[in-house]
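One chain, chain A, appears in both complexes that follow, with chain B as partner in the first and chain C in the second.
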Partner chain A sequence: MSDSSEDTALARGSKGHIPGEAGIWLLIAGDLLMFSVLFVIFLVYRAGDLTVFQAGHARLNQTWGLVNTILMLSSSWLVATAIQAARRQMRRVVVACFGLALLCGLGFIVVKVFEYNEKIRADLTLTTNDFFMLYFSYTGIHLIHVVIGMGVLTTLMLYSRSGNFAPAKLRNLESGASFWHLVDLLWIVLFALLYLVGAK
Partner chain B sequence: MKALLLSRVTAVWALLIIATTLSWQLGHGAGFDDARQAGAAILVVTFIKVRLVMRDFMEIRHAPRWMRLIGDAWIVLITVLLVGLFLKTGT
Partner chain C sequence: MTPSTGTTTGPEQYLARDVAVAKLLAWSGIALVISLVITQGFLMGFIPPPSPNLSAEELAQIFIDRKIGIRIGSLIQCICYSFWGTWAISIVVCMRRMERGIPVVTYASIANAGGAWVFFLLMPITWAMIAFRPESMDPKFIQIMNDYVWFIFILSWPPFAIFMVLIATAIFRDHNLPTIYPRWVAFFNLWCAVLITPAGLIEFVKTGPFAYDGAISFWFIYIVFFGWIMVMSFVTLNTLKRTALQAAA
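Moving on, here comes the complex of A and B:
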């Protein structure tokens, strides 16, 4: 279970290895800061109206949330595996992993559409109360990230078809992959905050 | 191919799935009688998952020291902030 040779190669020298372009990390840091504020706002609103938030939690379908978490984690694993395969010049595996990750992303969107539909049919919308206002806006902002990320994954898949994973090409793949991992990371926290924490 | 599948990232993916199941159980009354304690435990498990994603999927573990320190500082700060806010609220 060890990638010791790869570890040594990546961590070569005291400088270490920044995955992808430096610019993508500015975007990731900015997004993390913005979502940090959103997470705090959620708990502040929750403190202000606990009853409404507990009732809101109870109306969410936690199974959909769990399925989407498994899809997100799996897509992120596939993307991480694609990067490792690219370093080993395994072109077909790289393309297959990006393709499967895209399918997971598509599955995530389908589940979300079902979930939104279920809520709207039950008359639970953005204007119902503070809980649902935050639920729809946070998951909506995240869904936009998923759609952008799927565009990125499609580009990476097409870009990988010609193989020849030279350092510059690997760096581009790492940039796109890092963005997809951010989308996964944000969902992990949203799943806990919206679906699990404080539910009765 | 075997080396690719039996990699560290696969082990991390399995750990993430196990941690998700654990959070799910905690959210459904397992382990704690008090919903506040359960909620705080879920948040802590969540940010352990976040750290795994950052270190192994985003490959921050190979990044320069300053980058790893910023990542860890953010995780500690946001965990303390969210757990604190959650516990202050009551149930």
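Moving on, here comes the complex of A and C:
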């Protein structure tokens, strides 16, 4: 990560502070754009074949979904806490929070493995019907985001070990943290779309 | 060569000529995208691809009906798709100026760019082979070869994603002030790298958004990938123009 000249000029904590550098928001907006397309596709397919989608929806395990939602929200909170701690130069808290957030990410993947396993054992796969095709591909694409996000969190954790949170370093941390919040946000929408829409 | 005094052929003149060549290389990427629209779109009618759900006989008929267009199209493609290699080097030249010490990312990118055009060329070559004698070929065989083209095209996303990540890495490590490429370009490349990952799903489905003629696996990835080539071409041309101006000053 570079320490470009404007970093020092960037007054943090001032009114209207945008976390991270501007470029990361291009990435986040772009990714949200792709998921918006995915969500629209889901709703169009659902409207086209409501019975299959309701039947498929009924076979999802909301408990697994809820556990993963809690894991994602906790990890987001931990990452936000890490950034707050970095602003106060609390090096150990920063490293610990990033580490715990990483564990939440790992937990998310473990839950997903159990959930996929349960579905595949029940003979519900990518090719079963349109609902499960979208269920597996959307959660799969999200899972790739989780894996990339865990790579980012690992980098942030190692990067924080040396302390000395200067403005440039804080901004890099914020950029990485913003990406993890995106991963969390996408899951919240996916959870609502797949597990909750049409629940009775 | 005699050491110059800067009157006729000083280092800045050499640089200006190098920049001119590099600009030509950057333009070759734009030519690639234009040729794609003309050949695959108009001559072959393969934007979007024939559905993977078609029967072998229906698919064979498409190749029989369009064989002349496919032959001419694949001939043009063989030329223009080779521009991947030239185009990628216009970016790598800029990346080289971002690196100090051992140019690790530059080397990795050169190797990557040298391999990636093989995938590009395999597509028109295979199409040309199907259109060579489609009437006498077993439709089942045509089906396999046609699947092969689209699998080559879409499943080969990883080296291209790696190139995007390498570009982003070079920009993040850029020591120049101002940076050679604007920093948003790094994030743009990471975004594109993430966006083309769903391509892997074409292995599993024959209909829907993730089939190889689907809204995501075809349209979205196509637009992102070739849009990326266009954006990177213009950013590179801009950067090269600035380099020439700086050298002249």
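Simple rule for what comes next: the second predicted complex is superposed on the first by the 184 of 200 C-alpha atoms of A that agree within 3 Å, B and C clash if a C-alpha of one lies under 4 Å from a C-alpha of the other, contacts with A are read in each partner's own complex, and residues count from 1 in each chain.
Basically, a contact is a pair of C-beta atoms (placed from the backbone, for glycine too) under 8 Å apart; a residue touches a chain by one contact, two chains touch by 3 or more.
Small disclaimer: the values here were computed from a predicted structure and weren't measured.
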item: Clash or fit (per the criteria above) of chain B with chain C on chain A; value: fit
item: Partner chain in contact with A:Thr154 - chain B first, chain C second, else both or neither; value: neither
item: Partner chain(s) touched by A:Ile188 [first = chain B, second = chain C, both, neither]; value: first
item: Contacts of A:Arg46 with chain B and chain C, given as first, second, both or neither; value: first
item: Partner chain in contact with A:Asp31 - chain B first, chain C second, else both or neither; value: second
item: Partner chain in contact with A:Val79 - chain B first, chain C second, else both or neither; value: first
item: First, second, both or neither for A:Ser137, with chain B first and chain C second; value: second
item: Which superposed partner A:Leu66 touches (first chain B, second chain C, both, neither); value: first
item: Partner, of chain C and chain B, that touches more residues belonging to chain A; value: B
item: Smallest distance from any CA atom of chain C to any CA atom of chain B, in Å, after fitting; value: 16
item: Touching both chain C and chain B, counted on chain A across the two superposed complexes; value: 1-2
item: Complex interface listing, chain A residues touching chain B; value: 1-3, 7, 10-11, 15-19, 25, 29, 32, 36, 39-40, 43-44, 46-47, 50, 54, 62, 66, 69-70, 73-74, 76-77, 79-81, 83-85, 88, 90, 93, 174, 178, 181-182, 184-185, 188-189, 191-193, 195-200
item: Residues on chain C engaged by chain A in the complex (per definition of touch); value: 172-175, 177, 179, 183-184, 186-188, 190-191, 194-195, 197-198, 201, 204-205, 208-210, 215-216, 220
item: Complex interface listing, chain B residues touching chain A; value: 1, 4-13, 16-17, 20, 23-24, 26-27, 35, 39, 42-43, 45-47, 49-50, 53-54, 56-60, 62-65, 67, 70, 74, 78, 81-82, 85-86, 88-91
item: Residue ranges of chain A in contact with chain C within the complex; value: 1-2, 4-5, 21-24, 26-27, 30-31, 34, 37-38, 41, 45, 126-127, 130, 133-134, 137, 140-141, 144-145, 148
